[in-house]
Amino acid sequence: MDEVLNGGIPKRNVVLLSGGPGTGKSIFGQQFLYSGLLSEEPGVLVVLEEHPVQVRISMSQFGWNVRPYEERGLFAVVDAFTAGIGEAAKRERYVVRAPDDFTSLIDVLRDAVKDLKASRVVIDSVTTLYITKPMLARGMVMQLKKVLSGLGCTSILVSQVSVTERGFGGPGVEHAADGIIRLDLDEIDGTLYRSLIVWKMRGTRHSMRRHPFEITDKGIIVHHDEVFRAEVGKARDK
Amino acid sequence: MDEVLNGGIPKRNVVLLSGGPGTGKSIFGQQFLYSGLLSEEPGVLVVLEEHPVQVRISMSQFGWNVRPYEERGLFAVVDAFTAGIGEAAKRERYVVRAPDDFTSLIDVLRDAVKDLKASRVVIDSVTTLYITKPMLARGMVMQLKKVLSGLGCTSILVSQVSVTERGFGGPGVEHAADGIIRLDLDEIDGTLYRSLIVWKMRGTRHSMRRHPFEITDKGIIVHHDEVFRAEVGKARDK
Amino acid sequence: MDEVLNGGIPKRNVVLLSGGPGTGKSIFGQQFLYSGLLSEEPGVLVVLEEHPVQVRISMSQFGWNVRPYEERGLFAVVDAFTAGIGEAAKRERYVVRAPDDFTSLIDVLRDAVKDLKASRVVIDSVTTLYITKPMLARGMVMQLKKVLSGLGCTSILVSQVSVTERGFGGPGVEHAADGIIRLDLDEIDGTLYRSLIVWKMRGTRHSMRRHPFEITDKGIIVHHDEVFRAEVGKARDK
Amino acid sequence: MDEVLNGGIPKRNVVLLSGGPGTGKSIFGQQFLYSGLLSEEPGVLVVLEEHPVQVRISMSQFGWNVRPYEERGLFAVVDAFTAGIGEAAKRERYVVRAPDDFTSLIDVLRDAVKDLKASRVVIDSVTTLYITKPMLARGMVMQLKKVLSGLGCTSILVSQVSVTERGFGGPGVEHAADGIIRLDLDEIDGTLYRSLIVWKMRGTRHSMRRHPFEITDKGIIVHHDEVFRAEVGKARDK
Amino acid sequence: MDEVLNGGIPKRNVVLLSGGPGTGKSIFGQQFLYSGLLSEEPGVLVVLEEHPVQVRISMSQFGWNVRPYEERGLFAVVDAFTAGIGEAAKRERYVVRAPDDFTSLIDVLRDAVKDLKASRVVIDSVTTLYITKPMLARGMVMQLKKVLSGLGCTSILVSQVSVTERGFGGPGVEHAADGIIRLDLDEIDGTLYRSLIVWKMRGTRHSMRRHPFEITDKGIIVHHDEVFRAEVGKARDK
Amino acid sequence: MDEVLNGGIPKRNVVLLSGGPGTGKSIFGQQFLYSGLLSEEPGVLVVLEEHPVQVRISMSQFGWNVRPYEERGLFAVVDAFTAGIGEAAKRERYVVRAPDDFTSLIDVLRDAVKDLKASRVVIDSVTTLYITKPMLARGMVMQLKKVLSGLGCTSILVSQVSVTERGFGGPGVEHAADGIIRLDLDEIDGTLYRSLIVWKMRGTRHSMRRHPFEITDKGIIVHHDEVFRAEVGKARDK
């Protein structure tokens, strides 16, 4: 991915990671955080769609064991899923008691980032925040951008789009971000293909091509030296 | 189907089974439960669209006689159709008195799963739950997922889409599920063809191809070694 | 038509007969009832769009004289058109006084079916019932299905779709029916062609092909041994 | 046109004459009335979009001088345009004082038809009646049909559709009519072509082909022996 | 343009001049008025989108100096833009004080037409009148038509459509006009082309072809002897 | 760009600069201002989406150091982003305290333009002003046009459109501007291409072609002697 971005996501950028169901957005975000941990960059993962326990299990299936990093204060999960309900949730350190209250989410997120001096943040997904109130989408993304960028974090906001939607999550959202990465899953001649494209990225001369990628048991592998071309891709836009 | 999924639906996954009218969703769900029964895995079928009596008749037409399993406490129908009205309904054990009240459906479902120690659950269909209140769709699916996954069940949520719709049941729903299986019925050159594709499935390296399938008098037979290709499939997306 | 359905519509099925204007839906429904009469199966025709007198005239133009059957108590028209206003209406036996009140329509229909011990019912059209209240469509169709199926009738619900619409009458309606037959009228190279396809039919191995049909002065003749192919049909989906 | 319809519009039919702007709908309707006058069939023209004076001028440009027929009581204009305002309007015999009040339009129309014993009626256009209240469209067309058919008239209801719209005036309207004639104006290779097609017509075996037509200074001439084919027509549906 | 229209716009016609942004609608309207002035036909230009001062400057850039005609009482600008605010506006003779009040616009327009005995009127644009209240569009255009036609004027109503819209300004508007001229600007192979087509024009046998045109420093030049064909135009409708 | 526009944007024109996310709209606007500064033309940049500090950093990455010009009173940033909150914001001279209040934005903008005798203004973006109230879009753009044109400024209004939208920001907005420049980013055969087209520009004979452009570390370079053709562009409109 570093080759595609010509050196990774630039510092302090807030990037929209956009894709349909099954495209690998969550894995991409988790891998972004874990590869930060490997170079001792602290990271925070805000989960809105999945139990924190399940998230740790999912990550471990790719060999990404975050427990040691959690113990060393390099990694934290912000639980915006359970509302603190359930036994397992009681063991979480960062819990958003009212997941529907955007302000309290911002507060807990800010605490976690400050405690860990986090340099990487992933929110999975921002779509959950405004799915029933689209008019607020832009404002929420703008505020997240102010907070995260102000705290010095490089961030990924996971944006869920419908399988038939070609945009990145709505006009308000897609212009507010510093970068946009799109993950795609296309059926061509009865076969599913994965590809990604960096649509914009402030501060770097990123690849202007669509690249095929795979999800392996070690995580995502991007074929930065290959182009996912129109010969096969033709069917996508029809 | 096991070959397509590389070993069946992974444990505790909540799978969206999406398709238009006449694609075979109900049969697929019933077959999933009956094949569990054959290996002594208890199962629960929640019916919202059909009388429980009619459902047992339909299953028996494929040779799936569930009565013995019901008597042995391995199978149960949760009746969310009759509201307990009618003679036949009085003989049902699990009846949702107020089918429009999502909470009471959850309660009866939880009882049934616990009583049977069910490991497989099918809800036919979840679309009924939110067809007149689409804003609630994601929340309902999220809650079903929490309950079913928490109880240790592997589950299929039947999602009805319009014959002209290419999505899986709306953006909120399709991202919430652990897996998506799509059933299709396409008219090509004046002939109807059946095919299915696994769009996503957490925890398994599923087939990345679209497979033709048939509905026989023994149920669904998936041709896992064949691909339903674009040469014939071309007409679908136009 | 029997060959297409491999033996006719299975008993107790509630079938959606869907098509645009001019496709022959009313004729199809009347022919279904009249062919029942020929083998002494009592039938009920619910008319919402046409004066009962006009309906009998239309049927007689195809040689289907229902008067003798009405006198013998084998056939009845339920008048949900006139609201009982007008001289001619006063001679009708089954009149829905408040055609906008779905409950009273159900009541009159139930009476007629019971009086005649009807085994065939046609409602022309159900679309009229919910055209200005689409949110109620599914519920109405579900209730009709419960009543008609409970009374042992095999039924056709005529569903009007717009000339440009490819669906069968909306997502709620098309999943509720036991079967779907679609009638089409397509302009290809400046000529109009008629065809039909059975999209789903519970309980029978129906034809999976689109068949051309004609409207003659004896009624509809389906060419069950011919396929209406893509070579000519291509223009339809563009 | 008689050849296309195999003998003209059948008696008492209520026909929807549908087309975009500039397709010749008004001329078609006026010609229908005038050719009735030539064989001494009395006719009524309801105008909702044009001053009655202007309508008589327009008709005279095709050589259709209605004044003598008005004087003999064979022809009448129902003025649903001026609301009786203006000098010229005061000389009109049939004036709808409140053109927005559908009931009063029906009343004046009924009077005119009875006075003249009219056998042909044209309403130009019905779209005006419900353009701002589409939910009422079907009901209005149904009521017109009851009145006109009850009075024994053969009628044309002019239906205006947008230049980009392929339907006939909405699902409610197009199913309510006994017949549908569609007029088209298509740009192909930089040239405009006129054609018409009879989409449905109860009670006659009409042409199943699209025919080219011209507007000359004698009115519309339909080339009933020619087909407007796909070779040139191809561009229309894209 | 006269050749295209076979002698110009017929007297008293109210013509919709429809086109997207940048197609030359304002220039077309101004040229229509100025060419009237050259043959001593008085004209009125109603401006709703541009300061009257700016409009005179724009016209002079094509060599159309209206000042002498204004002084001779042959030309007037009705200012429905400034609401009378600003120094320059105080020097205008015809000012609509409340541009949002359609009635006062009609009043000022009527005064101007009567004062000048104007035979040509251009309203640039009517879209401004109803852009936020589309339900009123048809009624406004009908009323303008009554007034302008009643005063004996030949008129152009400028109708703004979106760059992606193929219609002429909505179904209500496009049927109300006596004529429709459409101006187009199409990108084909990376180059912009201008063309126009007369879609309808009551009272004249206008060209049935699409003609290329240019905007030069003398105004619009229509190539009435050329057809803008599908070979280049093909891309437009896709 | 001057060659494309045949001498730059004409004085006092208000130009809509329209494009999807990542197309380079902000850079284009900043470059327009900076190239003015190089010839001592004072300029004002209104920022609604980005912190003024971040904007200055972004500009400096292209070698556009505005600080000296700010000190000399030739350049100013109007901060309509921070609402005056934060340390850095306190050092800004022109701050819109209530960014949601359009009138106060107009007031601060007017002050800045008068203080600097600015001849160039960029508003990045106007879309922010009306994203949640589209009915007000045209009115706001009209008012900006009156103020800016009245003050003698040549202005660029940045208009954000969705990645899938072919228009320029809505019908009201696109007709109100004196010019429209569209920036595009198209994926063709797996590669992203940048191009721009001048759709309209009052007062100049601009290029009628689509030109490729690049974003380099010196800013935007337009290839005015090249055309971005359909051979590669074909995929765009499908």
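Order as written gives the chain letters A, B, C, D, E and F; numbering starts at 1 within each chain.
In this text, contacts are C-beta pairs under 8 Å (C-beta built on N, C-alpha and C of every residue); 3 or more make two chains touch, one makes a residue touch a chain.
Computed from a predicted structure; not experimentally measured.
**Q** Could you run down the chains that neighbour subunit A and subunit F together?
**A** Touching subunit A and subunit F alike: no chains returned.
**Q** From subunit B, which chain is the farthest off, judged by mean CA positions?
**A** E
**Q** Rounded to the nearest whole Å, what is the centre-to-centre distance of subunit A and subunit E, using the mean of the C-alpha atoms as each centre?
**A** 52
**Q** Could you please state the distance in Å, as a whole number, between where the Cα atoms of subunit B are centred and where those of subunit E are centred?
**A** 60
**Q** Give the residues of subunit E touching no fewer than two other chains, as numbers and ranges.
**A** Counting only residues that touch two or more other chains, subunit E contributes 238.
**Q** Classify the inter-chain contact topology: is it line, ring, star, complete, or other?
**A** ring
**Q** Order of chains around the ring, counting from subunit E in the direction of subunit F?
**A** With subunit E as the starting chain and subunit F following, the sequence is E, F, A, B, C, D.
**Q** Which residues of subunit E touch subunit F once you look at their complex with the stated criterion?
**A** 20-22, 49, 51, 54, 58, 61, 125, 127, 131-132, 160-165, 185, 187-193, 235, 238
**Q** In the complex of these two chains, what residues of subunit C are touching subunit B?
**A** Touching subunit B: residues 135, 138, 142, 146, 149, 166-168, 170-172, 174-177, 180, 195, 197, 199-200, 202-203, 208-210, 227-231, 233, 237-238 of subunit C.
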